[in-house]
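Per-chain residue numbering starts at 1, and chain names A, B, C and D are given in the order in which the chains are listed.
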Amino acid sequence: MKESAVKKIAVLTSGGDAPGMNAALRAVVRTANYYDIECYGVREGYNGLINGDFLKMGPRSVKNIINQGGTILKSARSMEFKTKEGRQKAYDHCVRLGIDGLVCIGGDGTFTGAKIFNEEFGIRVIGIPGTIDNDIFGTDNTIGYDTALNTAMDAIDKIRDTATSHNRVFFVEVMGRDAGFIALNSGLATGALDILIPERKDSIDELFTNFRNAEKTGKASSIVVVAEGEKLANVYELAEKTKKDFPDYDIRVAILGHMQRGGSPSCADRVLASRLGYGAVTGLMEGKTNVMAGMRSNDLVYTPIEEAIKKHNEINKDLLLISKILAI
Amino acid sequence: MKESAVKKIAVLTSGGDAPGMNAALRAVVRTANYYDIECYGVREGYNGLINGDFLKMGPRSVKNIINQGGTILKSARSMEFKTKEGRQKAYDHCVRLGIDGLVCIGGDGTFTGAKIFNEEFGIRVIGIPGTIDNDIFGTDNTIGYDTALNTAMDAIDKIRDTATSHNRVFFVEVMGRDAGFIALNSGLATGALDILIPERKDSIDELFTNFRNAEKTGKASSIVVVAEGEKLANVYELAEKTKKDFPDYDIRVAILGHMQRGGSPSCADRVLASRLGYGAVTGLMEGKTNVMAGMRSNDLVYTPIEEAIKKHNEINKDLLLISKILAI
Amino acid sequence: MKESAVKKIAVLTSGGDAPGMNAALRAVVRTANYYDIECYGVREGYNGLINGDFLKMGPRSVKNIINQGGTILKSARSMEFKTKEGRQKAYDHCVRLGIDGLVCIGGDGTFTGAKIFNEEFGIRVIGIPGTIDNDIFGTDNTIGYDTALNTAMDAIDKIRDTATSHNRVFFVEVMGRDAGFIALNSGLATGALDILIPERKDSIDELFTNFRNAEKTGKASSIVVVAEGEKLANVYELAEKTKKDFPDYDIRVAILGHMQRGGSPSCADRVLASRLGYGAVTGLMEGKTNVMAGMRSNDLVYTPIEEAIKKHNEINKDLLLISKILAI
Amino acid sequence: MKESAVKKIAVLTSGGDAPGMNAALRAVVRTANYYDIECYGVREGYNGLINGDFLKMGPRSVKNIINQGGTILKSARSMEFKTKEGRQKAYDHCVRLGIDGLVCIGGDGTFTGAKIFNEEFGIRVIGIPGTIDNDIFGTDNTIGYDTALNTAMDAIDKIRDTATSHNRVFFVEVMGRDAGFIALNSGLATGALDILIPERKDSIDELFTNFRNAEKTGKASSIVVVAEGEKLANVYELAEKTKKDFPDYDIRVAILGHMQRGGSPSCADRVLASRLGYGAVTGLMEGKTNVMAGMRSNDLVYTPIEEAIKKHNEINKDLLLISKILAI
C-alpha cells in the first residue's frame, strides 16, 4: 500500500443512536491501529469536537463492545456545530491534536455537518451511515436498520398473540419520522392488514375498505402498522376514526417507541458496521474525502456525501403491492 | 386410583390472555385423555359456555401449542355471565352435554365467576391462575407472569442502551393495574433508579430526591419504572412534573403496553402451566371443587377459590428496600 | 397485465429446511390466489410430486405461518426423482392435475432437479433459493441465511461469556459443508480469533501464530469458528492438535448443529421470502421458466437456473482480511 | 440495626459459571456499600484468595453488569484450596487485609471449600447458590438455572422445527452431570417424547416402547432429551441402539453444550441473585456463618452449608409422570 493520506484520525457518533454504532467504532479503531494510524474517539458527537473532548483509543479500548447497543462515545445533537464559530472551535482542536481525518457515524444531519466542516476547513471527512431509519442513499442498508426491524417485528408478533386471542384491532406505531422503511418491512413481516407510511398518500377510506374486506374473509383480528411520520393521522386519531365507523371493534393502540433504538445488534448489522468501519479508514487512507462508505449488493462503495443526503432510497413500489396481496 | 369424581369436563380461558394459557390447556386435555375423561374446549370464555360453543378435544387438538402465546380457545370478558340468566344458560349447556367438571384458566374475575357458578349449580369447578399480573393468592407465580417479566425486562434493557447513549431519563410504564409485581421485579432486574407501584404511597419528593442523589454519584441517565396503576401520577404527568424541577433533563416516556401479554412462554411458565393443568384435572377427579391449583415452592397445592380471590400475594417489603439499595 | 402464461401451479420445498420457507410458501399461495391462479402444495419435496401427494391451497391454508420455522409442506431428499422413471411419474401427476408451472423452494440439488424436469418435459419451473448456506448465485442472500447467522451468533455470544469467565479456548463448529458464509459472518460478528472455512487453504501454523499473537496482547480467552466443511481438520482434531502445542490451554469444543436450521425467521428473511414468493409466481405468469428469482441490492432479478447452480457467490476477500484485522 | 458482625468482606465466584453471578456480585458490593461495609472482590475463585488477588470494589465497580452473563471476577476450580497449605495462604491474606467475612458464589464444591475454611480458621462464610444445575438444597432455584432452562428450551424449539420438517428423531443432550433438572424441565417444556435423567433408572426397552406408541398415534418426529450424566448410555450410543431397532428412522444427535452456561440472565435470575446478594451481606452482618442464603416460596431463608451440600433437591416424581402423560 502506498503512503496513507491520513496519519491521525478522530471518530464520533452523532444523531439518534443505532445498534451497531459500537461495532463500527470498534472497526474504525482497530483498522486504524492495524495500519498505524493514530485514533481518537470524540465524546457526544460534534459537541465533543467543539469542547475538545477527545479520547486516545487503542484496540483494547473497544473490546467487548461489538455486541452492545448504543454508543460508548455517546451521541448528541449539536446546535453549536451549526454555527461557524462552533465549527471553528472544533477545527482548532483538530489542528492542535494534528488530526487530519474525521470519521462521522450517523445520519442525514451528521453528514450535513461533516460536509460543511470539510468544505470550510479542508479536513478530510468520511461518513458511515448509522441510523435505524434506513433513509440514506448510497447503501443498501444503514447500520441499525436490520436490528430495529427485528425488534419491531418481535414486538408486533407478541401483540398479534393477544390481538388474536381477543379478536382485537391494533394500531401499532413504529419509528420513522420521514421514512416508512421500518413500517413497511416490519408490517410485511408480520402480515399487517395495512401499512401507513409518509411516502404514500394514504386515505382513511382505503383503510376502511381493507377492514371490510378482512371481515368478509373471516379475519377476526388485525394489525395496522403506522410510521411515526404518517401524514394522514397519528395512531390515536386513526383508532378514534375507526371506532366511529366500526363501533363493534375492540381497538387498541401500541407505540413501540425507543426500544427500537436499542439492543444487541443483529449479525447483519455487526458485519455491515465492521465492513464500513474498515472501509471508512481505508477510504481516508486512500485520500477519499467528503464521501460516505456504504455497501451495495455485498460490495463496498463510496458515495459523495452530497448525493447521500440529497438522494433517497425510494420505497419499493413492489413492496407496497406485495404487502397488500399477502395480507389477505 | 379409585373412581374419578368426574367423567366429562370442559375447559375455558377467560379474562386477559397470558403466555402459557395454551400450555395449560394442552395439559388439561392430555391429562383428561390419559385418565379416560372426556374433554371439551369452550370458546371465548364464559360467553362460549353461555352460547354452547363447545369443541370436543383430544390429544392431537393441542399439538404444537405449548410454545405459542395467546390462547387457541380465545378469551373474552363476559357481561352476561354476571347475570343469573346467563349462568343458567351456561348450566343448561353443561347438563345437556353431561359435563360434570369445569376447569377455568384466568384471573380474579374468572375465579369469581367460577365460584358463583359452583355455588349456584353445584357443578365442580377448579381454577388455574393464568394472568401476567401475579395478583392471585395461593401460588408462588401465576402463569404468564414470568414471561411478561422477561418481555418487560428485555424492552427496558433496550431502552437503557439509548438512554445511556443520550444521557436521558426515561419513564417506562409496565402493566399492572392493581399490582406492582411486574414493575417491581422488572425494575429491580434493570437497575431502575426508582420504581412506582400502587401498593406503596409514593411521593414526588422522594422521586426527586432520588434524581438528586443520582446526580451526585455521576449517574447521567436513569430509568424510572412505573406500574400502570400507580396512583401518584401517570408516566406523562410524571415526566412533566420532573421537567419543571429538572429543566435540563432530556426526558422521554415509553409505554410497553400489550406486547407484555404475548410471546412464546418461558420455560418456567410452560412447566408451571403443565403442572397446574395436570393438577386441575387430577384435583377434579379426586373430588375437589371450588379450589384453585397452584404451586408453592415446587409443590402442587390447592387453595379455596374464595381465599385465592380475597387474599393477596403481598409485595415483599425487602424487595422495595433492595431495589433502593442496588440502584445506586 | 396481459394473459398469464400459467393457470395452475404447484409449489414444493425440498432439501435441507430453512427458516423462511413457510413465508415463501405463503407468498406463493397468496400471490397465486390474488391473480386467480390455482395453487397446489406438494408434500415432502419431489417425493410428493412422484407420489401425487398434492394439496389444494388457498389464502387461509397459509395463515399464521409467516413466523414459523421449518416448512409445513415438509421437505425430503428424493432419490427416485434422480431417475427418469421417477420424473415421469411426477410429470404424469402434473398432467393429470393440469399443472403448468412449478415453484421449487430449496438449494442446489432442488434446482438441479427442477432444471432437468423442465428440460425433459417442458413444464415451466422457477426456483426460490431457500437454504441457510447462502451458496446460490443470483441473489445477495438466500432465504434462511440471515436467521441462521443470528442463531449462530447468539449461541457464540453465550459461549463467549463462559469462555471469558474461565479463560478458555473454544472451537465452535457452525453449519456449511461447502460454503463458509455462516462461519465467516458469525465469526466476524462475534470477534472470533480465527475463522476456518473450506474456501480458503488454512494451515495449523497460521492458527497457532494467531494464538501466540493473542497471548502477547493479553487476550486470555478465544473463540475459533470452524465451518462444518473445513478441510484442514474437524473441531475435535483441531482441539487435540492445539492442546499438544499449547498444553496449558483449557480447550473446549462446541458443535452448534441443527438448531441453526430452525427458529422463527428474521425480518429480513420474511421479507426476502415474501418478495421471492411473489416474484416466482409473477415470473411464471410472465412466461419465465428455468430461472431462479433472487434479490440483488433490493431489486428482484431472475437468473437462469443453470447459472445459479454453476456459479458461486464468492467469499469476499475483504471479509477475510477484515476479520483478521478486527480480532486483535 | 445493631452493630454489624462484619466490617470488611470479600466476595468470590467459583466453580462453573452461571448467568446471574454478576447480578449477585453487584448486589453484594452495593449492599455492603450501603451499610458501610468495605468490600473486596477476589479474582478467579479460591485461587485469587490464595494468591492475594483482591480488588477493592465500590458501587461503580459493578455498574452495567446486572445484565451480563459470566462473571467479571472470573471463576476457576482450585486444586490448591483443597490443601491445608493453600487455605492457610488464603487465610493469611484475609488477616492481612482485615477481612472478617467471605461471600462465596458457586455450587457444591465451592460450598465445601467455604465450610472447611470456616471450620479451620473461624472466618465467617456465607454461600450463594450459583450454578445452572439446580442441585443445591435450601433454595427453590439456584442462580442461573432459570436462564439455562430458557436457553435449552429455545434451542430445542428450533431443533423441533427441523425435526418436524424432515420427520426426524433427535437425541438432544443438555447439561447436568449429576442432576436431571435441566433435562426434565426443558424436556417437559418442549414436549419431548422421552426424558432420560441420572436420578431414574432408565431402560432402553421403555424408550423403544415410547417410540412404538408414538408411531401408533401418528407422531412422525420426536425429540428425546438426555441429561449429560445419564447412566444408561450417552446420546451417540442411544442413537446407535435406536437405529438398530428402528432402521427406518432418520436419527440425529445434538449436544447443546456450553452455550447453556452463558447469556444475559433472565429476570427471575437477576431478581434471585439480587435478593441473595443482599441476603448474604445482611446475613453476615447479623452474625450468621457457615450458612447459605436461599429463596423458598419468595422468602429469604438460610440453610447450614452442611445441609445444603448433603441434602438434595429431589426430582419431583409428579414431573416424571406429567412429562409422560403430556408427550402423547
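The criterion applied here is as follows: a contact is a pair of C-beta atoms (placed from the backbone, for glycine too) under 8 Å apart; a residue touches a chain by one contact, two chains touch by 3 or more.
From a predicted model like this one, the values you see are computed outputs, not experimental measurements.
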Self-check item: Chain hops separating chain C from chain B, counting only touching neighbours
Solution: 2
Self-check item: Relative to chain D, chain with the most remote C-alpha centre
Solution: A
Quiz item: Approximately how many whole Å separate the CA-defined centres of chain C and chain D?
Solution: 36
Quiz item: Roughly how far is chain A from chain C, going centre to centre by Cα mean, in whole Å?
Solution: 27
Quiz prompt | chain A, residues touching no fewer than two other chains | solution = 157
Quiz item: Based on which chains are in contact, what kind of graph results: line, ring, star, complete or other?
Solution: ring
Quiz item: For each chain, which other chains does it touch, given as pairs?
Solution: A-B, A-C, B-D, C-D
Quiz item: Inside the complex, what are the residues of chain D that reach chain B?
Solution: 26-27, 30-31, 33-34, 59-60, 66-67, 140, 146, 149-150, 152-153, 157, 185-186, 188-191, 217-218, 264, 266-268, 270-271, 274-275, 278, 296-298, 300, 313, 316, 318-319, 322, 325-326, 328
Practice problem: Would you mind writing out the residues of chain D in touch with chain C in their complex? | Solution: 13, 17, 19, 21, 68-71, 74-76, 151, 155, 157-167, 170, 252-263
